[in-house]
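Both complexes shown next keep chain A, but they swap its partner, so chain B is in the first and chain C is in the second.
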Partner chain A sequence: MIPPADAGGTDYSMKITGTQEIKAPRERIYAALTDPLILQRCIPGCESLEETIPHNYIATMKAGIGPVKGIFKGSVHLEDMQPPEHYRMIVDGKGGPGFVKGVGNFKLEEKVGATVVNYEGELQVGGVIASVGQRMIEAAAKMLAAQFFKGLEAEIKSPPDPLQR
Partner chain B sequence: MIPAEFNYARVSTLDEALTLLAQNEDAKILAGGHSLIPAMKFRLIQPPLLVDIGRIKDLSYIREEGGQIRVGAMTTHYQIEASDLLKEICPLLPECAGSIGDMQVRNKGTIGGSLAHSDPAGDWPAAILALNAELVAVSKNGERTIKAEDFFVDLLTTALEPGEILREIRINKPNGRTGHAYMKMHHPASGFAVVGIAANLSFNGNNKCKAANIGVTGVAAKAYRATGVESALTGVNLDDASIGAAAAHATDGADANGDLFASADYRRHLAEVYTKRAIAAAMKSVPSA
Partner chain C sequence: MTKYVGQRVKRTEDPRLIKGLAHYVDDIGLPGTLHVAFVRSMYAHAKINGIDTTEAFKAPGVVAVYSGKDIATKVGPVPCAAALPDLKVPDYRVLATNKALFVGHPIAAIVATDKYAARDAVDLIFVDYEELPAVVDVEAAANGGTIIHESFGDNVAYKLTSGEGDIDAAMKAADKIVSQKMVHQRLAPIAMEPRGVLARYFPGEEELTVWSSTQIPHLLRTQLALMIGIPENKLRVITPEVGGGFGSKLNVYAEEALLGWISIQLGKPVKWIESRRENVQATIHGRAQVGTVEVGVKNDGAITGLRYNVVADLGAYHQLLTPAIPTLTGLMLSGAYKIPAIQMNVTGVFTNKMSTDAYRGAGRPEATYVVERVMDVIARELNLDPIEVRRKNFPKADEFPFHTATGLDYDSGDYDGALNKALDLSGYQSLREEQKKARDNGKLIGIGVSSYVEICALGPSQAMPAGGWESATVRIEPTGKVTVLTGASPHGQGQETSFAQIAADELGVDLNDVTVIHGDTGIVQYGIGTFGSRATAVGGTAVLIAIQKLKEKASKIAAHMMQCEASSLSFEDGCYTKKEAAAASVTGKSEPVVPVGEGPAGALNDVPTPTNGRHKLTIQEIALAAHVAKEIPPDTEPGLSATYFFEPKNFTFPFGTHVCVVEIDKETGETKIVKYVAVDDCGKVINPLLVDGQVHGGIVQAIGQALYEEVVYDEQGQLVTGELMDYALPKASQMPWFETDRTETPSPVNPLGVKGVGEAGTIGATPAVVNAVVDALSAYGVTHIDMPIRPEKIWKLIR
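And then the complex of A and B:
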């Protein structure tokens, strides 16, 4: 599923899985997770996210973990969209500290008064960040995912902005 | 291995350092430089300005004051390792210091720098948590103390605000029948803690545990107190069976991380084994009445 790694032998791939419960209807969450305006506000450090063709985006992200900061540019592609229960996200980004490639499946399950977002994917990281920061990558990925869902939850709780559409 | 361009300022007072930090929120404090400089050489950290606090007088000391041990933030690991005062009144600190990196790192690296960097595999956070330390942070707005358990926020992230400098570490002097130990599995290449457990136990008579503080590093994104182990030990006569049962809670509520060297499962296993060893060693260290 993941394209072959660039030359070099320092790449590191890992599986990321998690679940997040959000108190909102499934349709609402599915719409938010696939809305570029909302995503831009929730992705940690996201500076721009533009839709090029439907479900294809170009993004710039200034990711920071404590003092370690890097600007990443890359593409995000959504496919296998079955609203409101499933989609697949493919990410390919490059930045000063290295590159990130990944595929993730998002499944949304209904629960009384809430929606459970299950995500599982594979992330491949290479370059300096992988060779030097390898021991911290998993913790960093989890930290960014937690920040993303915290942002998403806040976004869904706040009333819709009438100027947005 | 050449850092990006940066400005450098060497200050001689804390006030000068705080002024520079207030003017430039991306500035980094240079203490011993043993985490910061390597990260800068790899260009993972590219601060526009380094504020070198190495020449500020009176940031490097170990003293006893008001029933507390006070350690200046710029005190090196080696100074702590070699302190006769600490060996006598708080042996966990020298024991932990002696397990850090190698001699070069211990000669230059500082306790304050290490804590402010909050490496998930750093040794100090475990000891500081087990000793219930308080950390004194100073900024242009004055001073505040932060409890050790509130200090470590997330991966490489502490409760220090931009513009704040960690000035001092305060530890209540252990009294009564207490025992300490720090047990770690060294990463064979880096010397970092794959898992590190600091135990600080106090006892009534015999082997009955009155209070237990267990700090864990290396397992999760930040160091944490193993509260499950602590409550399983408190009020209990410690023997192999009760220690084993308590150690099984070493990673309760913790989100263990894996890397190329050690998977999350392996880390959880190590945490249990090293918790047992740390508790047993802490018991042995109790001075006989």
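And then the complex of A and C:
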């Protein structure tokens, strides 16, 4: 019963999964989730989100985890789009406190009077975020997701504002 | 004559430290100082395609920004002093040029009017990185995959085989081969004061002064002169108060050269104080070996041979001594035992991590851990008492000097004596009985023993990369105060006190009349510095011999003043006194003591002097006379000072036995040390209080390695333990009461008889703790467990 020697190289990548139920039709939610203007308003700390070519965006986001705060710039790319059921999001951002890279799969399921959004993803961080904030990232990501969906729900419930369009 | 030596004299350094009146680098303020902050790589391995500094330049307060390409050819590479056959030495530029090779690798330096402006501008520098696969696992890196330094063809920096004796024959002669793989995890030294540099260039005088928190002011001066290209006699390195080093400041760092160079460019003082995050990222790490030990044993426990195959994780570059550290492991593999044949096969491997280098013990803790851990594995395999296996293989006290199959000659020792004392002091036999009872009651109690030897007083120059001697100048000022200038560079060890003790006793003066000065190349003669438990054994000896030289001169002057032969004087309590008989004979003669060939002495003799007719003179009076120079012999230089450079003929070999008792909480897996006994033999002791302090601190760091500390890089080479929230330093509340005692076997290597004690605790204690934990878990069939033994590891094992 000798425990195996651990020479380092431990896998510390983070898996983020969650489920959110929103009272709205699936098509409406799918459209909102892929609409840059709605996303910009809903993503916490998002300062800009510009579509460069279809389904590719450049984003600037102010984010912080505990003592690590900063502005991140990066790209968001959507692929494997199967409206209104599924899409994959690939994020790649850099900023003063380090970098964030991630892949997330979003699956939308119909339910009576509502839609269930299932998301699961993997996140890799580097720089100060990794050395200081790694332990807090899962909790922080959950919090950001909750804020995001809350905003999304509000967007969907309120009638579209023509001035914003 | 030992009023002070051997006494528990309180450290004269402490009042200023306790009251916050000491001056560290950051306490030194110069008008107009600019502040430097570094952009450091966020990737473990990445190509740098470009660096955009435009935004940073525009930021308020920013004065200058330098990137690797700006200075690539202007500042020489970070030096490596280790010379090994066929060693691959990468070009280690002070700022990364084309590639970043570890998280924390400096890429650009920002100079601003205050430290906040400099730090804020770091976020405005945009580095275009192209991420490359990170080389993290040291064993995998040795066998191929991504190559860090492409021109080398692989990641192997060197391969070395060391040891003596016919290892194959020794293994064949054994009844049994015992083997164990062990991991010596990467540790961060974490000195309380991080690194810090202040550099000031005077363009008129063309003189550069660098204040740095270092252990080696003179070696740093030489290396910085070469790196920056300034004449060494125009460069002064000052080491003010240093808040600990543990080997991490036995180095020459990129930042030290950069600050000096930037100060020359701007003609202004520049300062950088390392943050704790930078300290964990970019100050050297220690240990980081993965190895397998094989030992041939006879059925009675006698060892026939030992082989250690090890891969050493060097990090991305060589710092000053990086590749040499594992070779120290090879030297110490005989431990406290007679082992006829020893072989170490070491492979030094580059990885995308910070360099490893000397951390308290520097290669020796690994050796002691291997040997002391495997002694317990042998005992288990052969069903013998671990104490008996150790005794079986000890050299006896009359076998010294003892030659090891690692090529060393141990100076002196009585290993049985220290072991017996430790067993007595801990009540070993009754501990074993208590353990049995406790086990019957379902408690997990473990007892661990470690009988270590270490190699100290580094060392003879033949065995050192850049001189192994140490220097001292002792002078008595006209007012009788004593100044000791030592080339050692104490940074917490207390040599301002212990060297003053040596000087005060030798000169018969009050301790408070002695001042020990160190760490300023503008004042102190060239020295080597403080590391490898060398300062007292080598530097203290230099002080002693310099005083003896000074006294030779003083006695000549005294004899001249008292008109007698120097041989007819006795020295006691700071006074030269005419011996009775000699005094009588001298009064009968009228001839002055003047060597043949000197000028007419008669004239001098006719002048009445205040000392005429005196039979007793204090050394202070002689010092004054030496400076006034009216009453000194004609063949004698005025002044009263002497300098000595002491070259030791051998290392010294302190030893001891530590006994550790642990209790493990079955519910949580937490290890609690319930008893700790340390019996150390560091030869003669100058100050037992300082020795206790060194032993205590060393054991704490050893317990840290055994139970808590580990620098963790993830699969991408990201540093996960980047600050003290995650890097688990031991806390006072986790420490047991230390029962310390000593045996005293003087070293024949130096006239003080001292051996050194700075690293004994870290070297001796780690295996005692791990042996105790394994002993506690033996009921679960555990024969080995890798460090750090965190509660979760044990908890998983006993589920």
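The rule is simple: the second predicted complex is superposed on the first by the 145 of 165 C-alpha atoms of A that agree within 3 Å, B and C clash if a C-alpha of one lies under 4 Å from a C-alpha of the other, contacts with A are read in each partner's own complex, and residues count from 1 in each chain.
The rule is simple: contacts are C-beta pairs under 8 Å (C-beta built on N, C-alpha and C of every residue); 3 or more make two chains touch, one makes a residue touch a chain.
What you are looking at is a predicted structure, and each value in this text was computed from that prediction instead of being measured.
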**OP:** Could you look at A:Gly96 and tell me whether it touches chain B, chain C, both or neither (first, second, both, neither)?
**Re:** both
Subject >> chain C versus chain B, contacts on chain A by residue >> reply: C
Original post:
So, does A:Arg135 touch the first partner chain B, the second partner chain C, both, or neither?
Top reply: both
**OP:** Could you say whether A:Ile65 touches chain B, chain C, both of them, or neither, answering first, second, both or neither?
**Re:** first
**OP:** Identify the partner contact of A:Met143: answer first if only chain B is touched, second if only chain C is, both if each is, neither if none is.
**Re:** first
Original post:
If you stack the two complexes on chain A, which partner ends up touching A:Glu122: first (chain B), second (chain C), both, or neither?
Top reply: neither
Original post:
What is the contact status of A:Glu85 with respect to chain B (first) and chain C (second): first, second, both, or neither?
Top reply: neither
Subject >> Footprint overlap on chain A, where chain B in one structure and chain C in the other make contact >> reply: 12, 70, 96, 128, 132, 134-135
**OP:** Show which residues of chain B lie in contact with chain A when the two form their complex.
**Re:** 28, 36, 39, 42-47, 117-118, 120-121, 154-157, 192, 220-221, 255, 257-261, 264
Subject >> List of chain C residues in touch with chain A within their complex >> reply: 42-44, 103, 122-123, 129, 136-140, 181-183, 185-186, 277, 280-281, 290, 313, 712-716, 718-723, 725-726, 780-786, 793, 796-797
Original post:
Mind pulling up the chain A residues that touch chain B in the complex?
Top reply: 12, 14, 65-70, 96-97, 128-129, 132-140, 142-143
Original post:
Once bound in the complex, which stretches of chain A touch chain C?
Top reply: 1-3, 5-13, 70-71, 94-96, 98-99, 124-128, 130-132, 134-135
